[in-house]
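Take a look at these structures.
In the two complexes that follow, chain A is the common piece, with chain B as its partner first and chain C second.
Our next item is the complex of A and B:
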C-alpha cells in the first residue's frame, strides 16, 4: 500500500465527512439568515435576498436584550457552578477514602440521564405549591411560603441553571478527577517535606499541573451550555415573559413554534459568532499562559 | 374463525370485482394526530372499506411535529391529500393557497351545510371569503366550580360577572387548607393565549385590538387574582391539564378549562362540581370564549380532489358518532349529545354546548403564532409585574400592528 496515498485518502475522507455533516448545514444556516424564507421556498436553496433585514428585525424584537442578558447569565452561572462544584467533588474523591471510586462512579448517574428526563425531574422538584424542594424547605422551617421557582421572573432562569449545574456536574468531576490522578504524588511529598501548606500545595502544584485539563473542561462546558436545550422546554419554556429565555431556545421557538425559519437561523448565526469570539479569547489566553 | 373466512371470501370477491371494474384504486393519504381515541384512523379505514375505488393510508403525526412536518411536505411537494390541523394553524396553509378551495363543492354538497356549524369553528376554515376546510370537532372553555366549597362559603350561585368572580375567589380562598379561589392557565405558550383572549373579547377587544381599556381591565383582573394570591403563581407555568388537576384534588375552588376535563373529573374529584358559563364583565355583557380543536382540509396539490372531497363528506356524515364513540364534541349545533348516564357530566356538556355559541377562533391569520406570542408575552409581563398592563398590551399591539400591516 502506498503510504502517502493512503494518508491523503484518510485526510480527504475526514475532511469530506466534516464538510458534509458540519460545514454544509452551517453555511446553509448562514445563507438562510440573509434570505426571505416561506412555506414554498423552504425546500429550495435560492430564495429572495433579504440583506440584513432579518438581523435588524431580531435586534428590534422587544425581548432581544432580555434574551441576550439571560444567555450570558445562563452560560456564566452554569459553567461556574459546574466547575466549582465539580472541582470540589474531584478533590474530595481524590482523598481515596474507602469506597471513594465506587461513590464517584455513582455520581455519573446525572450524566447518563437524558436532558428531558432531568428536566422533568427538576420540574417536579421545583414546582411551586407541591414541589419537593419547597416541601423540604418548609418542613425544615427555612421558608414559610412556597417559592415559585418556575413562575417567579426573578428565579425562573436560576431554576434552569440549578438543573443544568446538576446535569453537568458529573462530567466536570470526571474530567477533573482524571487530571488530578495524573499529577505525580512525589511532587506533593516533596512540597510537604519543604513545609508547604495545604493551600500552597493546591495553588502551586495542583492548579498549574491542571491547567490544560481546566482549559478543556471550561471550553467543553461552554459548548455544552450553549447547546443546552432540553431543560428549557421541560422546566420553564423560557417563561414567564421570556425571563428564562436564552438564545438557543429562542432560535428554536422562532423556527419551530412561530415558523419563521429565517429569523431562527439569524439568532443561531448570532450565537455562532459569540461562540467564535469566546473560543478565540480562550485560545489566546491559554497560549499566553503556556509562555508565562 | 368462520366469520374471518367469510370476511376473507367477501374481500376476495370485492377486490376481484374492483379489479375487473377499474385498473387501480386511487390512493389517498391522510395525516393527523393519533389521539381522539382513534377517530381519524377509524373513519379513514371505514371509508377505505366502503369504497372499492379508494385506498386510504393514515399517517399519525405527533402534535408538536404536525405543522413542521406539513410545512416540509408542502415545500417539497410531498403533501398528503388530506389533513387534520389545529384550527389556529389552519390559516398558515389556507392563506398561502396550500389548501384546496372547496367553496363550490360545499355549495353543491348535500352533506356539508355551513349553517349547521357553530359560527366560531366555521370562521376558522374561511380565508378571504372562501371555504378551505371543515371543522372536525370543537371545544371551548368555561368555569368549573366546587359545589361543596361554594356551600361551605355560603355562596349559592356561580359567579356571573367579573366582580362576582373576584369576590367569590376571595371568599373561597383558604390558604390554611391549601385552597386557592381560582385556578387557570396563564402559561407562556398557545394555551396562555387560548385562556386569556376570551377575556379581551368579553371587554370589547379582539386579537387585532388588544390594548383598549377593556383589555387592560381584563389583564388587571388576572393580576389582582395573582397579587392577592387567589390563584397559585404557578398558573404562569402550568398548562390547563395540570391546573385543573389541582381543582380535582380540592386545592382550588374554581377552575377555567374545557370539556376534555369532564371524564377525569368525574372519577378523580371527591366532591360535587358543576360548570358555569364564563362570567361576563358586567351583568348581561358580551359573552365570549375560546375555540379549540382541529379542522379537516384537502391540499390543493392533491391529484384526487373528487375522492378526497368524498372522504371529507363521509367524515362529516358521521358527526353524530363523534361524541359517543370518540368523546369529541361535534362542531355542529344540530346534533344533540346523547346522555352519558352521569347527570353531572350531562349538565356540564349542556353548559359547554351553550358556551360554544360564543366561542371565537384565534385568527384566522397566517401569522397567528407570532400574534399569539405577542399576547401571551404581554400577559406574562404584566402578571409578573415587569410592566403595567397598559404598557405590556401596547407593546403587543405594536407587534400585532407590524404583522397586520407588514
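Our next item is the complex of A and C:
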C-alpha cells in the first residue's frame, strides 16, 4: 500500500504522547516505590535506594488491614449492586413497550455527571439528621431512629457504596441491554413452544448467550470501581478514622496530604497489580469484538 | 389477554423506575431553591413552600463560580482538543491495519484505559515538578487528563472507523487522491458523527475532572469547578442549599448537552465499548 508513512506518522505521534504521559509515569511510579523520596530528593531522579523498605512500611501501617478490607468490600459491594440492579433493569427494558429505549437512555445521565456533584448530592441525601433517605425510611416505618450513614464507623463505607451503585448502575444496564438485544428472538419462541418456563428460558438461553457480555461488564465494573475516587472526598473523606478509606484514596492521601510520595507510589503499585489482573480478563473477554 | 394494555402498564412501571432513579437530581434542584430553614425541616418537604432563586446570584458571586467554571471550560476544551487531534489518527490506524504491531498497540491502549487516575497522579506530579511544569498547572492537568481520556476515545472512535467501507477509500486512491487526501476528504467526513459524539463524551468527563486538578493546581484562581465544590463540602457542612445551587449551576450545562444528544451518545457508546 502506498503512503504508509502517513499512517505510521499518525500512530507514532499519538503513541509517543501516550508513552510520555502514561507509560513512563507508570514505570517511574514503580521506580519510586523502591526509593527514598522526601522533600530534599523530590527534585532529583537518582535517590537513595530503599529496596523493599517502603513495602514493609506500608504493610506495617496500623490501618493497612482495614483499608484492604474496605477496598474488598467496596469493590464487591459496588459491583454486586450495580450488576444485579443493572441486569434487572436491562431485562425489564428488553421487553417491548413504547418509549423503552428513550426512558432507558435517561438513566445514563448519572454517567455523564461530574463525580463531585454526584457525591455532593448523595452526601446530602444520606445526611443523618435531615437527610431525605432517613426521612423516607422513617415515613415508611422501616426504621425508627435516624441512621447516621456518614459518621457511623460501621456504615460510612456503605454510604459511599450506595452512591457508587447509583453512579455505575446505568452503564451496567446499557451494556447488558446491548447483549440482551443480540440474542435471537426465535430461540425464546422455540423454547416457549417446547414448554420451557420463564426461569428455564433465562437459565438455559439468556445466561449462556450473555456469558462474554457478563464477563466484560464485571471486569469493567472492577476497573471502574478501582478508578472511583471522586465520591470519597465528596462524602466521607475516608473517615471516620479510615473506616471508609480504600486503597486508591489512601494512596492519594499519602502523596498529597502527608507528602510521602514513596508510600503513595508503593500503594499505587500494589493496586496496579490488581487492576492489571482485571484488565487481562477484560481484554480477553472483549478481544473477539474489538478485533472485529 | 389485552396486549396493548399490558404495554402501557410496562411503560407506567418503567416511568416509576426512572422517577426513583432520577430523584437525586430532582432533590438537588428543589433543595437549591428552598429557604435555609426549610432545608432542615423534618420531615422534609417534597415540594417547597416558598422558593428563593436569589441563592443562585449569591453563590455565583460569593463562591467565584465564573472563575471556577471558566477553568473547567479551559481544562475540558484543552483535553478534548488534544484527545481528538491525537486520538483520531491512532484510532484510524488501529482500525485499518491488521498485523502484530496493531495487536500490540491495541493491547497497550486497552491496558492504559484501566489505569486509575489516583495511581497516575503521584508519578505525574513528581515528574511535572522536576520538569518545572507546575509553573503552568492548568497545562499540566490538561496533559495528564488527555493521556487518561485518550484510550477510551481511541477504542470508541476505532469502532466508528471500522464501519467506514474500505472500498470507498481505495476508490479515492485510484482516482488519484493521496493517502492523506483520502483520509481527510473521504474517511473523516464519513466518520464525523461518531468522532463528534466521542469528543463530546471526552469533554463531559474532562469538565468534571477532579483528581489531577486537586493535586496539581494550588492557586484557587486556576482551579476548576470540581475543586471549588469540594472546598465547601466539609464533613460538617450545613450550607446545603448553597451547595446544591452550586452543583446545579455546574451540572446543568452538561445535562442540557446530554438531553440534546442522548440518542447519539447511547448509540456511540454501545457500538464501541461492547457489541
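Basically, the second predicted complex is superposed on the first by the 255 of 292 C-alpha atoms of A that agree within 3 Å, B and C clash if a C-alpha of one lies under 4 Å from a C-alpha of the other, contacts with A are read in each partner's own complex, and residues count from 1 in each chain.
Everything that follows uses one rule, which is that contacts are C-beta pairs under 8 Å (C-beta built on N, C-alpha and C of every residue); 3 or more make two chains touch, one makes a residue touch a chain.
Since this is a predicted model, take the numbers as computed values, not measurements.
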Contacts of A:256 with chain B and chain C, given as first, second, both or neither: both
Chain B versus chain C as contact partner of A:237, first or second or both or neither: both
Partner chain(s) touched by A:179 [first = chain B, second = chain C, both, neither]: second
Touched partner set for A:42, first chain B, second chain C, both or neither: both
First, second, both or neither for A:87, with chain B first and chain C second: neither
Chain B versus chain C as contact partner of A:34, first or second or both or neither: neither
First, second, both or neither for A:152, with chain B first and chain C second: first
Which superposed partner A:74 touches (first chain B, second chain C, both, neither): neither
Chain B versus chain C as contact partner of A:15, first or second or both or neither: second
Partner with the higher number of touched chain A residues, chain C or chain B: C
Common interface residues of chain A - those touching chain B in one complex and chain C in the other: 42-44, 127, 129, 150-151, 236-237, 239, 256
Partner chain C, residues of chain A touching it in the complex: 1-4, 6-8, 10-11, 13-15, 17-18, 21-26, 28-29, 32, 37, 42-45, 89, 92-93, 95-103, 105-110, 112-125, 127, 129-130, 132, 135, 138-139, 150-151, 166, 169-170, 174-175, 178-179, 182, 213, 216-217, 220, 223, 226-227, 229-230, 233-234, 236-237, 239, 248-249, 251-252, 255-256, 261, 264-265, 268, 271-272, 275-276, 278-279, 282-283, 286, 289-292
Residue ranges of chain A in contact with chain B within the complex: 38-44, 62-63, 127-129, 148, 150-153, 156, 236-243, 253, 256-260
Touch list for chain B against partner chain A, complex: 67-68, 71-72, 74-77, 92-93, 96, 98, 178, 187-189, 232-237, 246, 251, 369-370, 373, 377, 380-381, 383-386, 395, 399
Residues of chain C touching chain A in the complex: 7-8, 10-11, 13-15, 17-18, 21-22, 24-25, 27-28, 31, 39-44, 82, 86-87, 89-90, 92-94, 96-97, 103, 105-127, 129-130, 143-144, 146-148, 150-151, 154-155, 158, 162, 173, 178-180, 183, 201, 204-205, 207-208, 210-211, 214-215, 225-226, 229-230, 233, 235, 240, 243-244, 247, 250-251, 254-255, 258, 262-263, 265-266, 269-270, 273-275
